[in-house]
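Lettered A, B, C, D and E in written order, each chain numbered from 1.
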Amino acid sequence: MLYRENGQFKTTYAADQQIFPIAQDRWTILGILLIAFIAIPLLVDEYLFRAILIPFLILSLAAIGVNILVGYCGQITLGAGAFMAVGAYAAYNFHIRIEGLPLLVSILLGGLTSALVGIVFGIPSLRVRGLYLAVATLAAQFFTDWVFLRIPWFTDNSSSGSVSVSNLQVMGWQIDNPVSKYLFCLIFLTIFALLAKNMTRCAIGRQWMAIRDMDVAAEVIGIRPLFAKLSAFAVSSFFVGTAGALWGFIHLASWEPAAFSVDRSFQLLFMVIIGGLGTIMGSLFGAAFIVVLPIVLNQFLPALGGVFGIKISTAGVSHAELIIFGGLIVFFLIKEPHGIARLWSTGKEKLRLWPFPH
Amino acid sequence: MNHQIGDVILDLKNVSLAFGGVKALTDISFDVREHEIRAIIGPNGAGKSSMLNVINGVYRPQQGEIILRGEHFARMNPYKAAKAGISRTFQNIALFKGMNVIDNMMTGRNLKIRSNLIQQAFWWGPARREELAHRAKVEEVIDFLEIQHIRKTPVGRLPYGLQKRVDLGRALAMEPSILLLDEPMAGMNVEEKQDMCRFILDINDQFGTTIVLIEHDMAVVMDISDRVVVLDYGKKIGDGNPDEVRASPEVISAYLGVSH
Amino acid sequence: MNIRKLALSASLCTLALTSLAPTQASAAAKDQYFPVLVYRTGAYAANGAPWANGYIDYLKLVNARGGINGVKIIFEECETGYATDRGVECYERLKGKNGGATVFQPLSTGVTFALTEKAPVDKIPLITAGYGRSESQNGAVFTWNFPLLGTYWVGADVAIQYFAKKLGGVANLKGKKIALVYHDSPYGKEPIPVLEELGKKYGFDVQLLPVAHPGVEQKATWLQIRQHRPDYVLLWGWGVMNSTALREAQSTGYPRDKMMGIWWAGAEPDVKDVAEGAKGYSALALQHGAEPDAKVVKDILSMVYAKGQGTGSKEEVGQVLYMRGLLSSMLGVEGVRKAQERFGKGKVMTGEQVRWGLENLNLDQKTLDAMGFAGVMRPVQTSCLDHMGSSWVRIETWNGNKWEFSTPDWYQADEKFLRPMVMLASGKYAEEKKLKPRTPEECKL
Amino acid sequence: MGFFLETLIGGLMAGMLYSLVALGFVLIYKASGVFNFAQGSMVLFAALAMARFAEWLPHWLGLDSLWLANTIAFVIAGALMFVVAWLIERLVLRYLVNQEGATLLMATLGIAYVLEGIGTSLFGNNIYSIDVGMPKEPVFILDGLFEGGLLINKEDFIAALIAALLVGLLALFFQKTTTGRALRAVADDHQAAQSIGIPLNRIWVIIWFVAGLVALVAGVIWGSKLGVQFSLVTVALRGLPVVILGGLTSIPGAIIGGLIIGVGEKLSEVYLGPMIGGGIEIWFAYQLALVFLLFRPQGLFGEKIIDRV
Amino acid sequence: MPEMASSRAMDTFPRLLFHHAQVRGSKTAMREKDLGIWQSWSWRDVAEQVGALACGLAQMGFKRGDNLAIIGDNRPRLYMTMAAVQCLGGVPVPLYQDAVAYEMLFVLQDAGIRFALVEDQEQVDKLLEIKEQLPLLDLIAYDDPRGMRHYNQPSIHSIEELMAMGRIHHQNHPDFLNDEVAQGDSDDISVMLYTSGTTGKPKGVCLTHNAFISAARGGIGFDHLTADEDILSYLPMAWVGDHLFSYAQAMYAGFTINCPESGDTVMTDLREIGPTYYFAPPRIFENLLTQVMIRMEDASIIKQKLFHFFMKVARRCGSDVLDGKPVPAGDRLLYALGNILIFAPLKNVLGLSRVRVAYTAGAAIGPDLFRFYRSIGINLKQLYGQTETCAYVCLQPDGEIKFDSVGKPAPGVEVKIADNSEILVKGPMVLKEYYKRPDATAEAINAEGYFMTGDAGLIDDEGHLKIIDRAKDVGKLANGAMYAPNFIENKLKFFQHIKEAVVFGDQREMVCAFINIDIGAVGNWAERRGIAYSGYTDLAAKTEVYQLIQDCIEQVNGDLMTEGALADSQIHRFLILHKELDPDDDELTRTRKVRRDFVAEKYAVLISALYGGKSSQFIETAVKFEDGRQGKVAADLHIRDLKTFGSAGRAA
């Protein structure tokens, strides 16, 4: 209904291959970015930043990483939590051990370390496939849990195993209040999402998708499965590692290994599958769904209960939350196996063909 | 029919292949000349597809060797074959269902892409220019195969005939010197078969690509190929130009089913 | 059909968003607001629930008795499931409500670590009665943390004193082997520095046996214990880990009377199922034990449960963890009462004022008995530098169906030994966080 | 030396318990191609049902004999597991016929959450005990050979026997009975099985019910050993390495895999653990499985994965 | 290439071209969708290539006054060839590209073609097929090199070779081209278009530069068109309409023409380009409307209700809003809402949202079809004219659009009605002559210099011309009343279910009709009602379909009753033909006009059955299939009587 595509013909390949060929899409994205960068910092109150927006941004970044590995390259992983942990602790060690290292550098170094670890744990994927690989990545998860609990050097010998960072600033810009934290994460997410989108529409993205769809055929046309799979693990772990560093530094400020437990890995996999495999947009939808839902349920159910006159205890709320959460996941998988991203793109198709049927 | 057939480009010397107990190929040797259309025929299960898979390294023969432009390969692997300019189509279509026609063919060109991961991530200079140049090359192949109208459709949704053509397109996008065709006309109606023949002849004529063709349709094979190898139960029972082969007694018996 | 779907989802979102915005109590708060972080679900529910019921019942009792000098108490629960990030999220949601929170008691060492960073910014004191960071006893550095009634270092020291007493003197500790079976998390690791120091001092050897969350699988740990045959086993567990440890001890034949648990591993849920199998197992008691016949318990039964306002089930009242929740709640209320004495009776106290109250607590035996805590607690007296207020500990033993104080005597942690360790650790924290410890005069303001 | 043997036996016993859980995974994967992550919460659900009914029945019906209460509770829990199996098939699986692996995996995770939520809200959140008369006291054998004798935990021993019995039963069921063969057909290809007239839906209900019973048995054994508590769910995670070591589609694989993992875990913890700080049990099991996997990507007994070009 | 310094009036197309190359050299002149994107040529490129081509042709011996045949789909390089030929004073002769070889033979021989430029291998093969009968033809040039590698006969060259030769020729004689262009005179013949004569052999209509330039100037001035327009050139180049819009007006105003990728991607290319100036024969507008209706029937309930509701609003006040006439506030608001929800998206999906003015010509357009497009905000206008008058004679001024008339005479054009109601036209755009047919020229232009259009019509009181029928078809009923077959047929064809209709009644007492159903529309209608049918013949014989068609015809009879002079020519009996009338069977001309006499003669048995009162009639006819094979189609056709309304009591 809103699309006016007449006259938007392409006279160069560059124009034809841009991310948003249709003008209306470009305007929408511009609008969203403006709201995100300008409107939200002004309007939204502190609780929403800390409880919803900042976790959403960071987990979206991690979800994009996982989507690259699971959605684009077809390698199911249950070890994303581990790579977040590696990113966080590596960044922490760089931050405290090297005096005067700028915050940005230490976070990115955390991401790089996580990328290296990702490659190491990617090696089994060369021989092992499908569900076996998923369980093999669990090995990475439990191993890192153990490492950060047991080896004191990583946690700077702190007796309790919990580490904390404080007074973060980037070139003078103090990142302590919720708004500056939100903007810091938003900048990270926007840049990394663009990088991911570029990679997936370029040669490397096609190699991943070839490996996902039919790796025998991919090999025959000259794609080296070793390079493709390990690059997918590396890039994915880099994104997840950076997100881990942000989760530790910005969101929690002080954390212990339990923050990156196996539940985190499951949570990230939920996001990717419900959001939509093989789409950047899907990761954002998934992250939004998984972060916002429990909080909404938590606040919404008592109010709903009140309306119907039944008093729900906090325990009852969290049980209901669990049930509704599981139920929605199953509902989504049945209704739209390709996730919210598919709903979004079908909706867009419908608008383009309006008033004709899709 | 084909004017400038060159010298031997690919030579297979007493190749034999077995899966566990089953002997797929026994002691087969034949050669392929440059710019030639070389057909491999034989009844079902004669080992035709296995032969093709040996050439491009998917299967490893127990003995025998492959000589490609004079270079000896005991064990060819798919990557080396692709690097050496061998590309192929598949009997039951092996397209990437998750991508559209253009992306499938662009994947065919990944050996020619030089830009590294970082440049691609930033959609920076060389990566960008390269991507657009390869896109132009793929468009030429699309134009050649007359599939402009399906260029942006996901491959999974295409009818069988068009999927075969996209499979051929992806192999062509690799600008191969040797093209292995595994029953390109299986399951096609008359009109589609004529089109495919025209494409094969045009490829051979216009790009000078050497073609190794596996096909059941005798009329087609005899009509367009320069030399024919006949396999039966994994053994070579005939080799030569179409008329010689058609006349040879072993071939006739193999096809008319004289009991072995 | 498309419009209908769009309109439907749009209205759903706006409805959800509006309910999200926390309800800022516009009117000046006339009630003292106590946020309650609690976990009634997940792996630690069995231990979290009684503590929460005790905490809330006492607040109801105070209201029943007319509030603090007339100021009524309102409270709101938030489920954390003992997870750090949900704990932080609950803290963010509740801290601003009803005119600001009075005090937070997270009942989780992990959440305590996270909130220690936020407390100074939001100016809300943290009471961590019997848990949290041991070095936060030094009020000069940890201005907003109050590990009242004792820290883990106190517990560890008293446990070793108890072993020494059983062996007839500190000297006999030499050459003994003590194993620490601990929950593999910040909570479990707290006592390690003290045990190792004491080990060096008295010449006994400490064997560390970590058990991963949730602690359901300890067969390998107890096989190691059977191998090394330590003289004593210290159990530093939480949740199902404790009952599993006792069951494994029973199945590997390790004598229960040689086992000693921290005050968080000495409650009814830990032993009820093992019943006979845990006979002889003793645990530290944070001054109080199971106090079914304490006066305050009777008051609660009469003034709260009789009116049907009881939070949990009647049988739970008086149990160990219930009492600890009740105690923690009492300390918070007393902090407010003390602050009212200085900043105005009958008025609502802000976080900063309550902090002052907590720093100048002086509950002598007379006031405690008057409030119904006779025989339950000893005097608590905090100061600007000592945020713990008391280091008395008792030992209770499970006789197969209930907890009882076998030996009447009280133990007191050896301050001379612990003080330097506290100063050292808190100094390291201050230097790391670039904080300047408060000087004694500053406490006066 | 004695201690080594003791650890070995302890490992074997633990291994048998792991294989019990692993069995649940194998059953469902073998018969429907679904990797059932909800097996852990099914164990919890069944154990909770058993524990609470064993507690409530005496009040309601005034039974005094423990043995009778337990059997009735067991039967009720079994029936409950049938209802769960039927609901899962009706509400979820019916719609997800031949979706790919990842989607089905996620669906089972969703089911796991739902089961946990319903279980804990119906039956409460505390620690409950199951007392089926399992002997708790340790028994020392061969104390002639080794000073202090080898400690055998009777409870584990009996549990191991039950597990072995169950495995035998199921192996027979799959090999010999017609339903067994039908199940194997369904596992290979849903549509093919449907096309030759196998009532897919009914088959799935049966298989999920059988897995439910296995979960109940595992729940009872684990419950009586550790007490029924929310953290039983994590027991499933201990079963995973067993499954990938033994191969997703073989019952004997689940048993032998379980033993190897059990022994590997205990030996590594006892001998290797102290040197590098202990608590290595969990990840060592996964590494062990991974090492095996590198040699045989489809597990010890799984079918060889060959993909035709 | 050559800088036209001369201040001579820009009165020939080459001079116009080089003027644009100077003034707006870098602006895009032509675009073509190829290899996935729109390749574009600026005016400077076009001028350079035209120059090179002209010199190339000269090199190959092309003399002034020669004719050059152009056969192929709309390709930029074919339009450039026209300009190149005109530079050398030659005459481009575009032919219908989908004609069969032997159909082209007559025109090629008649025009004495020595040079031909064709699009691709398919057209080259056609020419080679009939080469022996064309002794004069000694150069065939082709544009698309696909498959041409082995055509190394001497007379065949690629357009690239010609241009290369031309560039060399230009270096040797730099001022050759300027002289040739200077010699050009506005009265030279700029193009020769062959009429698809319904009677007798096609005639070559010669039109001068001056004729087409004045026709172009009139249209552009009338509709205020600028150099920024975009049009889609997809109609056959041999049709006068395409020559006016895609060549003459483009050259005059300097706007951009866009050529689609291939025949079957026209709709997607239309949607991509979004032309601002659009023209199409009524048949295309009809198909578009049928498509819209069919697709809307599949849409969801809400969308259908919304669509029909706003369509009623549009029908009520749509065209008034477009014409700027006063509309009540309520309607205006509803229309605005309708525009957002339905009309604008509909135009977007059809590719017409950027259209400022749209023309339809070549045949009469049904009033409700006309009203539909104007009501959804497309400024559609009707043109009346013939090949001989450079496509248009009358223009409908904005604001005075009437649905059943073709508007007022264009500026500088006089229109007169002869006594036998034939329309006579005089003006600069009238043809110079029929090529080598002085007799036909004399016959067409009467003494006072008026061109006799051969159409019957009348001028209403507001001065708008109203077309009734072909002059020669106008006849008299037995009772003397006027009988205009086309008028009746057009009314029948305005129904989406009727594709073609042929009526008979000259010198007879009642009017009868043959009907061709539209397989698409009627097929969809049948599926919706669950009526199974195996093919065209089977569907055409269904009783439900007969009933459907009967309702349509009785509606037409109702309209005819109000038409005063034509009230008596209501249709009494009809039958539905068992096969579609098809140009390949010579029943229709290339532009799908009915060859009335041929049909009357071929189906005489049916006509006698109609008038003999029979209720059914067996018929078997020969049919030529697409790939040239002959076949037989036979069926037993029902014949039905129709209700006619009492004529207004006046027996003329």
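Here is the rule we go by: a residue touches a chain if its C-beta (ideal position, glycine included) is under 8 Å from a C-beta of that chain, and two chains touch if they have at least 3 such contacts.
Because the structure is predicted, anything quoted here is derived from the model rather than measured.
Asks: Provide the labels of all chains in contact with subunit C and in contact with subunit D.
Replies: Joint contacts, listed by label: A.
Asks: I want to compare two interfaces, A-B and A-E. Which one has more contacting C-beta pairs?
Replies: A-B
Asks: Nearest chain to the global Cα centroid?
Replies: Centre-most chain by C-alpha means: A.
Asks: For subunit A and subunit E, what's the span in angstrom between their mean Cα positions?
Replies: Going by mean C-alpha positions, subunit A sits 58 Å from subunit E.
Asks: Which whole number of Å gives the spacing of the CA centres of subunit A and subunit D?
Replies: Between these chains, centre-to-centre, one finds 33 Å.
Asks: Averaging only over C-alpha atoms, locate the centres of subunit D and subunit E and give their separation in whole Å.
Replies: Subunit D and subunit E have C-alpha centres separated by 78 Å.
Asks: Where the centres are mean C-alpha positions, what is the separation of subunit B from subunit E, in Å?
Replies: 48
Asks: Which subunit B residues touch at least two other chains?
Replies: Residues 58, 90, 94, 135-136 of subunit B touch two or more partner chains.
Asks: Provide the list of subunit E residues touching at least two other chains, using ranges where the numbers run on.
Replies: 36, 300, 303
Asks: Residues of subunit C touching 2+ other chains?
Replies: Residue numbers touching two or more other chains: 2, 40-41, 45, 49, 184, 210, 212.
Asks: List the residues on subunit A that touch subunit E in their complex, please.
Replies: 1, 3-13, 15-16, 353-357
Asks: Flag every residue of subunit D that touches subunit C in the complex, lowest number first.
Replies: Those residues of subunit D that touch subunit C are 3, 6-7, 10, 13-14, 120, 125-129, 136-138, 151, 153, 155-156, 225-227, 229-232, 234-235, 238, 265-266, 269-270, 273-274, 277-279, 281-282.
Asks: Within the complex, which stretch of subunit E touches subunit A?
Replies: That would be residues 31, 33, 36-40, 230, 258, 271-274, 295-296, 298-300, 303, 306-307, 340-342, 344-349, 351-354 of subunit E.
Asks: How about subunit C: which of its residues touch subunit D in the complex?
Replies: Its residues touching subunit D are 40-43, 45-46, 49, 184, 208-212, 214-217, 219-221, 223-224, 226-227, 239-240, 243-244, 247, 250-253, 269, 272-273, 277.
Asks: Within the complex, which stretch of subunit E touches subunit B?
Replies: 34-36, 147, 149, 261-262, 264-265
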